[in-house]
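For reference, the structure discussed in these notes is given below.
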Amino acid sequence: MRILVSNDDGYFAPGIAALAEALAAVGEVTVVAPERDRSGASNSLTLDRPLSLRRAANGFHFVNGTPTDCVHLAVTGMLDHLPDMVVSGVNHGANMGDDTIYSGTVAAATEGFLLGVPSIAVSLVSKAATDFSVAARVATDLAERFLRMPFRQPVLLNVNVPDRPYEELAGVRVTRLGKRHKAEPVIRGVTPRNETVYWVGAAGGAADAGEGTDFHAVANGYVSVTPLQIDLTHTGQIAAVSEWVGR
Amino acid sequence: MRILVSNDDGYFAPGIAALAEALAAVGEVTVVAPERDRSGASNSLTLDRPLSLRRAANGFHFVNGTPTDCVHLAVTGMLDHLPDMVVSGVNHGANMGDDTIYSGTVAAATEGFLLGVPSIAVSLVSKAATDFSVAARVATDLAERFLRMPFRQPVLLNVNVPDRPYEELAGVRVTRLGKRHKAEPVIRGVTPRNETVYWVGAAGGAADAGEGTDFHAVANGYVSVTPLQIDLTHTGQIAAVSEWVGR
Amino acid sequence: MRILVSNDDGYFAPGIAALAEALAAVGEVTVVAPERDRSGASNSLTLDRPLSLRRAANGFHFVNGTPTDCVHLAVTGMLDHLPDMVVSGVNHGANMGDDTIYSGTVAAATEGFLLGVPSIAVSLVSKAATDFSVAARVATDLAERFLRMPFRQPVLLNVNVPDRPYEELAGVRVTRLGKRHKAEPVIRGVTPRNETVYWVGAAGGAADAGEGTDFHAVANGYVSVTPLQIDLTHTGQIAAVSEWVGR
Amino acid sequence: MRILVSNDDGYFAPGIAALAEALAAVGEVTVVAPERDRSGASNSLTLDRPLSLRRAANGFHFVNGTPTDCVHLAVTGMLDHLPDMVVSGVNHGANMGDDTIYSGTVAAATEGFLLGVPSIAVSLVSKAATDFSVAARVATDLAERFLRMPFRQPVLLNVNVPDRPYEELAGVRVTRLGKRHKAEPVIRGVTPRNETVYWVGAAGGAADAGEGTDFHAVANGYVSVTPLQIDLTHTGQIAAVSEWVGR
């Protein structure tokens, strides 16, 4: 099995090292990741300049672009074969709820999925993440399962792993994305040159964290696995909007 | 009606000037847009540095960040009142099909929607766009309609306008997003310093452009209006993935 | 006389608008400036990506690059004729003493000089600069003087103008660059995501601000004009270093 | 001896690894370098956002800023003691002649010098540089010499090393900077999205490469050592400009 690994924290991040190491047990791993931290990059693509591809001392490749750029470049311009799977992460911090649309970790997997490859995004739910090996092992379990029993449909999985020893995980729950409250307001600051600046604030707290959501699963010690799709059409609103537009 | 206007082509783009001018007929317009071209920015948020807000000679505000940053900063840190509507565009070029997830134009409207504001993204389907006034007028029609008969649910509309005179538009069609074929591969190049670089290639052609899609509507001269939602959960796959994970 | 105008504060800055307007009285002005604030850019050149050139509504051109890139691109790729002069500014804030090496304003003029064009950098010595017309007029006086009596050697002038009415300027002094004390230390901060960051601190105070320096001239109400050269060789140390290396 | 090491090619570059390894034989080495390739950065300082400092697996530190930022942050905010020396490099490619003002490698050393630390910039004169160990050894020879016989004046040395085995170096020459012809024009290109772009062209060929210059020394197989100063005042022109201004 050929596995393409990427992330949004940068090729030097401990989370991707743990992931690549764990996945090497089940497949041939190629790492292509951003040269710098691109957290919050979402699905952004670099269109106004070309990308460079370099190789680090440890064999990882890095690109002066976004997570989406990395997977796009690897699959359409660098690898000889389409990979059998794209795995993105292990992200430092959760990617749950509607916040998922900002995630570069999920975006790297989404790009794999758009290019026809089954893809998984893996995040460690922890602010002070230090040990990524448990989440890497969870990702490897899933990859191995793919190898043994391929899923018949194209699949894009968003996986969030609680920060606890592997033995203490309560199991796996397949979930829907929860909802968050609105984000916190921007935080005003002043630079040493006396200019006003604004930091983007924290994500909102969980608003829908009920049974069945990713928030709920993780809060109860389960690995959350959410199947994602990328069609943003609000099918349920088509009739009402048609009626409204026609009036 | 208070209208917040943004885009992804930058505050200096002719498309946003046309939009702001047209919308001024139906509401009080504030423009907050990126200081430079951020096409392809998707929903990326700037987390590793603070943002600056400046005011151009024509009264437009600009931010050293992404389209999402602009709306986020305007709504949570700059405007005294929540706007009644966010309108993003007029984008130079279509935002249709699954490509929509890369769009910064759509992302600006998405951020408005996430912050509780009815939002519209407007794009002109043209490679050599020169006249944005028709698309701006279409956006203004929709805004005025909101004013007269507010939609009862939160709404996020993705609007694509054919490049023809207003009188020659065939009407409005409410659509679903079509699908594209896979993107073209990256394009290899060599710099004057003899380094290999890669340009992201063109989007794929339309794969599902059948009746009911945005592609189909625009190809037939209609304005396409697609209601969007932002829940990426693939609800239809939850059972199958649960079964697969449990095996 | 053909005059190329650039700066480092960005093409939208009031200082460059004042300068272009004033210089239009003595020559044909073309503005090519950075698309965003590049203060502190020094002589940096963009080598890892290509540059784009755009035209704003007011006729100014802007480039997604540094001040040096702007002048380089204008002179070697855009203008039909070598300009007769490059004028950079009016910068918001002084460019005096050894700090001059960090200045993008001075760098734009330096690039003109390196390409064989007499060049002037103009800065307004003011933290809360609001009126750039006096400094623009001083620059225009110098340009006009060039026109009437060309200087026989290649020349690169660094001009700093006190922030006071034109009539209250004490005159012009030709000066040497003063020296500053070491810069202030970086200033530690914490982001909303709890990461430690460091802002570059303020420039040091004047250390050599004696008679004959730019600091001294400006402090006494004079326009300071410092002729610059770009040979960094420490000729006076060649013998001592030779002796040291040979031991 | 405490040695601060930086560069402009990025902390992952083979040139800095070779340099840090060689210098470890004569002192306690700390590496603080840019997180990505910043060739051409000159003395640019980052003023509009704060800097982050991270630590790579091999112990090197990296900063999301310029070479100047790295040395500035290390000396004024990170290190407990002022280093005894700053060594920058080994750069991939020459830094000779008037091109030196664009160099980020030289800029890192310049920032050390401005902060009161004897500093050396080291470059390998080679387009296809693969072995940086000879240049690293030359830098180490100089550092050791400093340790044994400190230079009595503040010193900033620009060192260029021919690409040949250590035993085949002809010796060391203390030189002045040569002069180059004007740079090549920008090179026009077209993006896949059909936009015109411009690459900065190559540096000009040597114009003054006579006896005594860095070009001449290196061409004859010598290590070139040029003492630099940072006062840009054109002292020799002060009288003529004064006369001209006064007319």
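Note that the chains are named A, B, C and D in the order they appear, and that numbering of residues resets to 1 at the start of each chain.
The rule is short, and it goes like this: contacts are C-beta pairs under 8 Å (C-beta built on N, C-alpha and C of every residue); 3 or more make two chains touch, one makes a residue touch a chain.
Since the structure is predicted, the reported quantities are computational estimates derived from the model, not experimental observations.
Comparing chain pairs A-B and A-C by the number of C-beta pairs in contact, the larger count belongs to A-B.
Farthest chain from chain B, judged by C-alpha centroids: D. One inter-chain figure worth recording: chain A and chain D are separated by 39 Å, centre to centre, where each centre is the mean of the chain's CA atoms.
Rounded to a whole number, the gap between the C-alpha centres of chain A and chain B is 23 angstrom. Here the CA centre of chain A is 45 Å from the CA centre of chain C. Residue positions of chain D touching 2 or more other chains, listed in rising order: 37, 47-48, 50, 52, 64, 189, 191, 193, 199-201. Against chain D, in their complex, chain A makes its touches with residues 12, 17, 35-37, 47-48, 54, 56-58, 62, 64, 191, 193.
For chain D in complex with chain C, the touching residues are 37, 39-48, 50-53, 66, 68-69, 72-73, 76-77, 98, 100-102, 104, 107, 110, 114-116, 145, 149, 151, 153, 155-158, 172, 174-177, 182-186, 188-189, 191, 195-201, 225-238, 240-242, 244-245, 247.
Residues 48-50, 52, 64, 127, 187, 189, 191-194, 199-202 of chain A are the ones that touch chain C when the two sit in their complex.
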